[in-house]
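Handing you this structure, nothing more for now.
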């Protein structure tokens, strides 16, 4: 299996340990990754997609053309990157007019785009190609005894025709099964499918309400589950769900919201025995408990 | 060749109510019917419903024939149906249809039940023995059943079957079965049958939570149920017999219940851009029932988009649900249902009242699930090789909802046409039967003539002497614990018993021969036959008795297994035997006291009178005339065709009423069996059942005609309503929908000079004190005109101010089309009606744009008012002349709004089309066909047989208090002032006995059910004079 | 709209005054005929129909006796109307029975002017004759009764009257009031327009409403209700079981007098004279098997049948008791069962002409709470 | 509001001319579960669609709520009429941005300048500590970056607001 790795902006800049985790575990799982050299922003929905179609699709085309040049599918972790690239590709592929226009714009750069490279989300590849079963086999350290909850990236669910890969977009199972493959118990809860609220302008324009909105989700987790951690699969979810907890704690004046948030790839890497200092180094909500658990398990193993 | 014409035979595929109705109609007309159903039970969805609006009772039995009841069982329809001419094949699939018009070869696959119902005695020991528990689909998995089970709790007989998908073949059932009815290795049987015509009545698949992805955002808990499942929760035979509505998950009494409408329907994204038509009324009814059953503290909320109360009486029902019962309606489609940890169901919605988001919690959420018609239609299209319409539905002939396009002799009815409510199912079933009989008639098939054994004249005054036959089929007699020998000796002792004889298997040919010989020799004048499941071959037994010279009314059929089946306080052979003896004696007493009853035959004048020469009237007339029935059409205007036929050139769905009317007129005038009376009105009708005389007055002349007829069809139409609201009449720019349509078509309007057109729906309609009903067609007219405008000049801005858009069924597509064309639909409600002023001849308007919550000001070039449909004003005089009932709105009142939509309570009077209620042309024609069929069944016999069991008046005892008249549900009793006596219409009487209850002095008596009789029966029941000595 | 017209009388003059009043009604054609209780030539007071004032000499409406419940007479006078306007002087129990008969289309009030009486009750016929023979007059009775004393020489008014909660008469056009009218006066009240018209025609002048009447009526009504409630408790014990019933009816000989006397026993031909009850010998033997069969049989059954027939209409006039030759006090049986039956349908026999009688209309949803059926 | 005087009936063509929008029947599905509908003012997709339909240019021009969208696209998944509300929102943003330079998001300038919204590639030490090689990012490849900028120059937003990108 081989992919062209597209990291986007946040991961390499803010959470490189997630990047490390992806690289490490993909390697372990026999997936060959090459970097998308000279890639640019996906573009994020708040940027060119909000100004005009040309700049949007030209930018998508730029990125897609890189993978097409390598005759590989693109592997993405960031939800927005995934969704933006998928939608960009959708437009380029399904409208001759748009495809022409994009290629017109790309032409001077010596690039072309036809849509031959598919855009794949890392959790899709793990879930559908590698499969939880194989992951379970590979895992060296089991999280058995830990409870986790999962956060599905909206961008990998809706609209299901464009971005979906779950058998049942209204009842997704991928994240749950992937985490269970690591031996942990996944607790369901009433707001499992509620958006983290981190993307777009919601948080910027009305932070009060955005935080209230997120609070309902965390309260549900606290009330309804025994969660030792939250597994996400989108860089925005990761960062936002940490930040919100800290903000909430300031509000209530006590450390009530302190559930560590992991990108799934980090948990995976850890369970594959990768160095915590490398694959799970950065966080804004302490991960010590989980790290300790894994350390102990490592010793035992 | 006339001799050996084949008996007309029709396959009715689907035994839901429309199929049953079609079958009964055909059978009543004298044709043979194969009634198949793929499910294990008869009755379709209705078998699951205990309550139907508006009465909120069941009323299935009301679809039974009103005359000649002798031949059809008078059982509760939800239990089952028996008819001489109907062969019922449940659990049977149609696998292929070959041949062509008039001679179809159908392959039927009878799926194995593994239980031979011929032999099974339904004691259900096998069910007790079966170790397998599984979800009971009849109660939508809300209860469980065994692998061997009775598919419908209330069916009689209880046909058992084995669900092989869960059966472990452990054989426990086989061990306990004493009749050897179970064969675990039974195979499906395929047999080929020849039929002349086919009626498709299979209904359609319903949207469900299992198969459909988009349902999963709502079906998040066992407490989210489909409307049908909820119906089972309400049902007396359903899940919660104690009558309290509980949460399936934890049995907590449900106090807050929400309905979510349009589940699976009105969803373009899922390629379901149609409305399922019935769900709105279903939800309203369920909400009302929930309150009545669960108590006043039950809160019911319906989340809807448009409350589609387009049918007769629907709007009034909605008003009542809201005002009387406090059912809350919220116009909002919700995105999801979330299950809270405590099991409550959270719904977030935008409340248009407050213009704010609300979060509410419910105990139960009901999904108003709609239809998924396409698979079924494709299946049938392939089977009968019929065409599919662009929408993907079986194409029908133009103007016909029941006749398949290009398929002679194949028809459809019921929910296959798109989900139908009960009355439409009835009408369509009858119409399909009508088309089928016309077809059978045309291809020259014959009707069944019953083997007419003359009813023996028994002298019932001579001393009663009863013969008793007891059926013994080795399998059960001894084993099932009744001692036939003891019964024999004991019954023989009973006074008035001539002979007691044990016959082997009276269900078999030999058994019947034996019985006949015995009876001939016996020289008795009364007969009691004891057997298992006797009702299965009631008529056979009656015929044997007749041949042996016993009057049918003096024959009693006794269910020998009844006791064991019902169980006794003490379950011993002796107890069962003694009870059986006791009950046999009681039955003997009953027939001993009984007089011999004879069927009366009332002659019918086989001529029909059709009032109203519109398209519907003409259709009825032709349908009858083509089958040889002479018809008079009385039309008050000087022109046949009525409103549609003379005024409407084309409708949005491509029909051409005027063209059609022209064609019909031609046929009508040419037909030698039809007499047309123009400029004429019926002023008086007199006479008795089957022989009416109507006085016709023709305008211009003072000459009076007297018509003689046996039946009448009311086909008076309607016309566009009038109004003085919204400045109508004050400006030539304020017009009605119809005027606007005409001006558009005539080119009187120059659309290039028009910028804005505003339409207002429900003008003077669906409003207390005005037209309280929905006129059903106005929304389509508005949509049609709007589309026309957009087609002629896309730049014109069209605003349609509506309350609920009534584009039910596949008309929804036109609503979508109109929006796609840029028509803006603005919702308004009664307490904020649009305001209209006139400024120099032009309308100036203000209305609330309730999405943006702002006031809109606009000066349209045209203001178009949908003023609804009014009934013909002449209805009042006609109702007077024929003494037929009108409802408050001025439309005729059918006998029963659900089960008998196209006939009056008065036998021999029928109605069709807008005289019933406003409806689109295809429905008018469907009703016209149905009315014709009803009239045909009734007229074609030349006479009708009254039932044996009818009520009588003992003048000597009668004090003329007339309470019985008020009590009679069939209006069969009347007071003859001239002779100062009460009279009974023998054909109208259904023998229900209400009058006998109402009568304080036994002056009203149901023949064959005298008090004397009943008291002897009681005596016999009370007396247990069996000496223990004999019973050892 | 009640309007009152005073009718003063000196001692011993009451009936003369009344006959004068009735005379006016006849003479001025307010009515064509009058049905009123009048003293008979030899003895007794009976309802009497007169068409001219000459025959009014015996008028004695307040005489405490009701030999026949007038409803039956009214029925025969009006069920096939005479076309004449008839005034009828009736008591509460008679009018209430009449109301039921009208609903059963056995009587017709179109051409009738109903004149109701205030009623202190009636004596059993025999007692009344005895008292009269001893010289007691109607005015004596009224005087004592006003003082609350109806019992004289060991005779008291009928049991039914003691517990009759309707001392005044409703659903009439004119009312002859003595309650609260004061010594030596009687009030003629115009209750309906029909009544007012009749009185005006008869030349009566209307004065102001009497002060004391309301509480006088209340006082007597309350007393009766109290008596009734007390009595009912005792009645129930003696009627609420089969044995108790059999016991109470033991002396019945199927003479059917009670049936004849009952004003609402309206059947034209009683089912008990039809062949329904002409049993065969074998049946009697059957019933006798294993037990002793009291003959004539069907006695309890006969009364129970009557109960089912009239429980909904019984007005409690007590004529059944009065009619029994074997001194069976039947009234309690009917009063108690009637109260139950009528209560069940929120119906009260004789209360109003507009309420439909129980079981005369069929409503799917009636008795929901009994049938448990859900609408 | 008077659509005759205040509305541009062809606005929908200018904003979202696919015709999907017209199918909207105001059922409220889009708003009943939208995260940004919890905001203040709430993002009411249904109402945006309505404004476009009426052609209420001014009101729409002023409306900031489209920018509050979290792009979760659940409305798109749920919309029974396939209006594709999220795409509509992007189109409204585009229309606003193309008519009002103050709406132009600063992020695009970042992207223009260095290819990314974040300072990708500057965290050298951290990456080394994690054992990560330097990324082949465009920022370090002037030739490619120039081409990328040239390409963008030809797109409306950059062409129209070139002063923002100067330097």
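A few notes on this one:
Labels for the chains are A, B, C and D, by order of writing; each one numbers its residues from 1.
Assume a contact is a pair of C-beta atoms (placed from the backbone, for glycine too) under 8 Å apart; a residue touches a chain by one contact, two chains touch by 3 or more.
Note that this is a predicted model, so its numbers are computed, not measured.
Put simply, the chain nearest the middle, going by average C-alpha positions, is B. Centre-to-centre spacing of chain C and chain D amounts to 92 Å, using the average Cα coordinate of each chain.
Chain A and chain C have Cα centroids separated by 94 Å. Our note on geometry: chain B versus chain C, Cα centroid distance of 52 Å, whole angstroms. Centre-to-centre spacing of chain B and chain D amounts to 56 Å, using the average Cα coordinate of each chain. Contact of a single residue of chain D with at least two other chains is seen at positions 38, 74. Counting partner chains per residue, chain A has residues 169 touching two or more of them. In terms of which chains touch, the assembly is arranged in some other way, matching none of the line, ring, star or all-to-all patterns. Those residues of chain A lying in contact with chain D across their complex are 7, 9-10, 12-14, 16-17, 19-20, 23, 35-41, 43-55, 58-59, 62, 80, 83, 105-106, 108-110, 154-155, 157-160, 163, 169, 194-195, 197-202, 205-206, 208-210, 212-213, 278, 281. By the touch criterion given at the top, residues 217, 262, 266-270, 305, 331-336, 348-350, 357, 755-756, 795, 797, 815-816, 819-822, 824-825, 827, 849, 851-852, 854-859 of chain B touch chain D in their complex. Here chain A touches chain B in the complex through residues 168-171, 189-191, 223-224, going by the rule given at the top. Chain D makes touch with chain A in their complex at residues 35-36, 38-40, 43, 64-65, 67-74, 76-77, 84, 86, 90, 93-94, 97-98, 104-105, 107-108, 111, 115-123, 126-127, 129-132, 135-138, 141, 144, 147-148, 150-152, 154-158. Interface residues of chain D, counted against chain B in their complex, comprise 1-4, 9, 12, 19, 22-33, 37-38, 42, 46-47, 50-51, 53-54, 56, 74, 78-82.
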